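Take a look at the structures listed below.
The following pair of complexes shares a single chain, chain A, combined with chain B in the former and chain C in the latter.
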Partner chain A sequence: MKKIINLTKIFFINSSREFAVPFWTIIFPSLFFLLFTSIFENIGNVENMDFKIGVYYEQSLRGIAKDTFDEVFSSSQFSNTPFTMIEYDSFEKGLDNLKKSKINALVVFPENFNLLNVKFFIKDLEVPKLKVYYTNENSSVYAKNIFGVFIDEINTRMSTKGAGVPLTVKEEIIGMDSSQPYRYRDYLFPAIILMSVLTVAVFNMPFDFSFNVEKGIFKKLSSSPIKGGEFFVSFLLSHIILLIMSLIVLYIEAYLFNVSTNIYKPSFIGYTFFSIMIILSVGLFLSSLYKNMGAAGAISQLIYQATIFLSGFYFDVTNSPWIIRWYVYFNPVTYLVDGMRKIMLGSSISLINILVPVIWMISSILIFSLTFKGMVYNEK
Partner chain B sequence: MKNRRMFSLISIFTKDTFRNWMEVFFTLLLPVLLLLLFGTIFGTEASSGTKEYKIGIVGDVDETIINSIPYKVVFFEDKNSITMALNENIINIGLLLNHENNELTFIQKEPDMNDESIIFIKLELQNILKKHYAGIKEDFINVEFIETSIGENQENPLDFIITGVIGLSLLSGGMFSMINVFGRYKKNGLIKRFLASPIKPFEFTLSASVSKLFFNFISMFIIIILGKYLFSLNYNFNWLSLFCVFISSSIGMMGLGLLLLLIFKDPAIASEAATILYVAMTFFSGVYFPIEFLPKAIRWISNFLPVKYVADLIRFSGNIKQMTLNNFLVINLILFVIGFFLIFVSSKVFLKEE
Partner chain C sequence: MEEVVVKVNNLKKQYKDVKAVDDVSFYVKKKEIVAILGPNGAGKTTTLEILEGLRKRDEGEIYYFGEKADQIDSNIKEKIGVQLQSTVFFQNLTVIETLRAFAGLYQKSLEVEKVLTDFNLEEKKRSRISKLSGGQLQRLALATAVINDPEILFLDEPTTGLDPQARRNTWQIISNLRNSGKTIILTTHYMEEAEFLADRVYIFDQGKIIAEGSVSELINSLGMNSIISFKINSNGNFDDISEKLFDEIDLKVSKNENFYRIETVDLENALLKIFEEARTKKFDISDMIIRKPNLEDVFLKLTGKRLRD
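The block that comes next holds the complex of A and B.
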């Protein structure tokens, strides 16, 4: 037992000395969570957006039309609009600046748009259409969509003389307890946990293993009184300790960011540990594949990048083309992140969230146990 | 004699690069993988558009509402059937209407985060319903949205993503190649041996850079060809401009790679620093999501990272971005001069330290 403790301590200190190990396992997931939450939780939230809208008036606005659009394009701190207006004295200049991405969209107020002031009294009057020019650059498409929503709202307010329309809007996600709001941070948190576990399983463990093989550490250990099993347990424990440290940091961050309280549920914590077991077994399986550090680095990067993007961590991938979709269904992480999210949503996990990962775990452990002895003793 | 020596060195470095898994991965495989991933994920989204969305509705629905919804509408008897349709991907979003209380319930299979377009569709549907409840038959303000092309042909949203991926791959290829090659050679003691030979330090650096440029060039062409044929992209490159961008951005990033190596000494740490820089560049590039989505306090960082400028240069070469020729030349020149200077100085100091 003392041998295992000492060996675990040595392994842990040894791997933690490498800057990359604590950085990618603990610091990077925390930073990633912080940045992604601040970016994607703001989509649709006008307070944090700032689009540059070019405006060209074929004829100066007057009356209600002027007051309305002055408010939309006002950059005062009291107006809750995501637009900064840049006025152009020629249409060509505005369009040129749109094409040069200096503005996100160009709004052209046509001649006779002031008829809008009279339309309140003469309903049948036809007001020329407002023209909104946009490009297919992502920021321009978003600016156009948000501007469209604003115009819709203005139309409703004009028709109701500013009173607005009472409409109760509710949202239900299938299987989710609707009493708790579901925000991007809640959606992302399970993915971030698994990202940290993947780092340990896909990088740290296989790298350590291939390093040991390459440097003949196994050979040296086999000539010492340390048994293969003791080595294996200590090796695994050293990585689990680092992982637990990462989880503690992530949970502190989740607490500070007010992530859903469902993450403290025993079922969520239990399934998280189940996920750790599965992914670490796959890590062991990968470790048994690599024979040198070069191959380990390249193949691990390939697996890591494919898994984090094709497991539904950040966006839905179930509708992707079959050329990549096979990997979505093939890899166990898809089922694990889905299971964790189901628990967070308050619904129960399905059999597939257990079955596919367990098949992976059994196969991985089987392959590893068949090759482990060979790895340790073949160097003799 | 000198030329022969250089040629032999370039040939050796090229063969060695192909033998190194990590370099092959970062220069050739990672950009192709990212192209396939983002091309298929964002590409399908961008090309299908939101007009293909199917809305499931439960409740008494007036014909005026149906006519105002610009999406395909499917009717359901109750909430259960709408849930089943969502699970079977028959519809994209469900609507429960309760006219008595002016209440609208959106039923979704997944939260909004899985599809950003759904946020705008929901806002649009809310406004349609508000107008219906207020008895608004006609809008005061009508808007005509006009899709504008930047170049000669109408660009596809995917064109912008793929050209951004090319930019990122040039940057990663340039930066990692220098870190890998010099880091590895330093670790293996190869630099010391080279320095003991008649090869001059600058010849050594230049040959290594030329072989990496050759590798990056292959990578760029693979992405362009794959993008063109797999995703039917419209870009029409001006090859001379693209070649200029390729040379300047690769040299610029090679210089940055060497600088990192000089700062951090240990190749492993320099490589980690480069990876962090690369991740930061993907966030601040505006390639996958608009820079306007970033928190205002950190948005300025994108102006200091080369990725934004390199992506713009490639888009200009692909005729999907407008900029003045002066700007194009100045940015290329800055990248080239800084890169060349960094390669020259860093390699001199780095090799001297050996």
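The block that comes next holds the complex of A and C.
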């Protein structure tokens, strides 16, 4: 055990000091995630936003309250804000549309809100609070915040009319409807994780492996009492540690970006680790194929690019022409991305998401263990 | 009789149609330095790596410390130190990290700081491997080979590629290791190295041992004390002269264009004859070198080839 820790540390330190390794494994995927979510979700780009706010009156507004709101909503100050008000005649309908992302927020004027009219005369009267419902979608949060600005505006106008106590708003966050097609970031997140894993399996591991074989480092290590098993556990572990670091960074990013909370579910994390094990064993298999580093580079690029584009990483590939489709179905990563997305959606994975990858894993490890001795001993 | 720590009987290893090791038998006694001398491709590395458990043998027996070793298991590996013919270490580790790493692979190990000083790597201990010179790398390779305080050291061409100064330093380090009680088996294609270091030498060629013994035994077996070589500048033909020299004083003459080489047990007599002939036959002798025979001459006599081309 001490030997495994020692060796893992060495492998890890050695490869993580190579600039390209942490860059492509950790930094690149997180930047990529950032970039893609920004481009495809137009974060912070107000021009493209068109907020729809649902309104439901439990009781019609009257008097000063009605005048003030009408005045604010029609005022030129907000006319260049892309706001559309949709009035609902039932609360349930409004809430349902919010859950389905048809509107971005729902404002409810409660019963007795007209007491506001009397508040100008009876100061310590309790006016019921306005209620704003929103979801954890970005645009919904924006809509809710911008609505807050409306209320501030109304408060200043009312205080000029003599109402000293400002209006308060009660906010409530609503869970998304799960049948709702989820956002691009949720779609992308599993792909980004697998991209990082793929980098390790297709580049880091085989390159490390063929370098160590070619330069006799493995041979030197095998002249010590270390056992073959300890040796490869350490080799694998050192790459897994780097991956875990990458996952931590990606999860922090996901947290900051409000990616679906499904990614914290044990089933998602469990399936992620399952995917890591599968892809890394395929990486071992690749390692045993590469006899010299030049070929390793070219083949790795090919596999990486093909897998990235043909596993449904960024778009759906199930409708692609047959010439591509065989790769799609042959490739274990297709099933892994699909499995992770299913869990992300809250539905359960099917047998094929486990079966095909496991077949890959078993055959990879088998082939690897048959060839690695000869490679280390330079007796291919 | 001293204890035999390594014994090899009828070792064979074949790669396709190349007999890399062809029925080799030898032994190494405790605290001895044994050199395996031979040209490139003689089978030195293959032999050593079979002993180190890094390659499989086709046939033959190996005994370590008197016990037959069918597998080179971890018990044996604890007790041997290995320097491979060419090892590149982890490029991004420092010297001290590398030594600690190897120390951590064994049950017992020497103190890393002490080894750093012994191998003159103290100043470089925080340098990355990629920044070391050839000599420093070679010393590090030796340092990693002794880090487990082994009883037997295998050194595969420990000075190949080093400049003469660095080679001398390495020889000194190897001598010190012997003096500290290690048994050392080294391979080399430098006959000076074998002459300087080895108690006994096995000369390898084409997978076979073609001669064995101490350096002086091997040289004495040539039956000569001195080798005279010189160049002749004359218009005349020296062939008949050499024939005469050969007849009269029993000299062995060999010739390559106008370079001549004479082996003799009686230096004085041979020189007198050569100069007498030169005077009477009127030719000039130049670039004369008189030297003692060495292992190169042994190899030349046995194989008709030079150790290095």
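Everything that follows uses one rule, which is that the second predicted complex is superposed on the first by the 239 of 380 C-alpha atoms of A that agree within 3 Å, B and C clash if a C-alpha of one lies under 4 Å from a C-alpha of the other, contacts with A are read in each partner's own complex, and residues count from 1 in each chain.
Operating definition for what follows: a contact is a pair of C-beta atoms (placed from the backbone, for glycine too) under 8 Å apart; a residue touches a chain by one contact, two chains touch by 3 or more.
Keep in mind that what you see is a predicted model, and the values were worked out from it rather than measured.
Does chain B (first) or chain C (second) touch A:Ser369, or do both, or does neither?
neither
Tell me which of chain B and chain C touches more residues of chain A.
The partner that reaches more residues of chain A in the superposed model: B.
Just checking: does A:Thr135 make contact with chain B only, chain C only, both, or neither of them? Give me first, second, both or neither.
Touch partner of A:Thr135: chain B, not chain C.
Scan A:Asn6 for contacts with chain B and chain C and give back first, second, both or neither.
Second partner only, chain C.
Quick one: classify A:Asn14 as touching chain B (first), chain C (second), both or neither.
Touch partner of A:Asn14: chain C, not chain B.
Output check: A:Ile151 vs chain B and chain C. Expected answer is one of first, second, both, neither. What do you get?
Once the two structures are laid over each other on A, A:Ile151 reaches chain B alone.
Would you check which partner chain A:Leu221 touches, where first means chain B only, second means chain C only, and both and neither mean what they say?
second
Following superposition on chain A, which residues of chain A contact chain B and also contact chain C?
Touching chain B in the first complex and chain C in the second, residues 18 of chain A appear in both lists.
State the interface residues of chain C toward chain A in the complex, per the touch definition above.
Residues 49, 52-56, 74-75, 77-78, 80, 82, 84, 86-93, 97, 101-102, 104-107, 144, 148 of chain C touch chain A in their complex.
Give every residue of chain A touching chain B within the complex, in rising order.
Going by the criterion above, the answer is residues 18-20, 23, 28, 35, 38-40, 42-44, 48-51, 95-96, 98-101, 104, 116, 119-120, 123, 127, 129-139, 141-149, 151-156, 158-160, 164-174, 182, 184, 187-188, 294-295, 297-299, 301-302, 305-306, 309-310, 312, 314-317, 319-321, 323-324.
For a test of understanding, state which residues of chain A touch chain C in their complex under the given definition.
Interface residues on the chain A side: 2-3, 6-7, 9-10, 13-15, 17-18, 215-217, 219-227, 377-379.
Tell me, which parts of chain B touch chain A in their complex?
Checking each residue of chain B against chain A gives 20-22, 24-26, 29-30, 33-34, 36-37, 40-41, 44, 83, 86-87, 89, 101-116, 119-120, 123-124, 126-127, 129-131, 133-134, 136, 138-150, 154-157, 159-161, 268-269, 272, 276, 279, 283, 286, 289-296, 312, 321-323.
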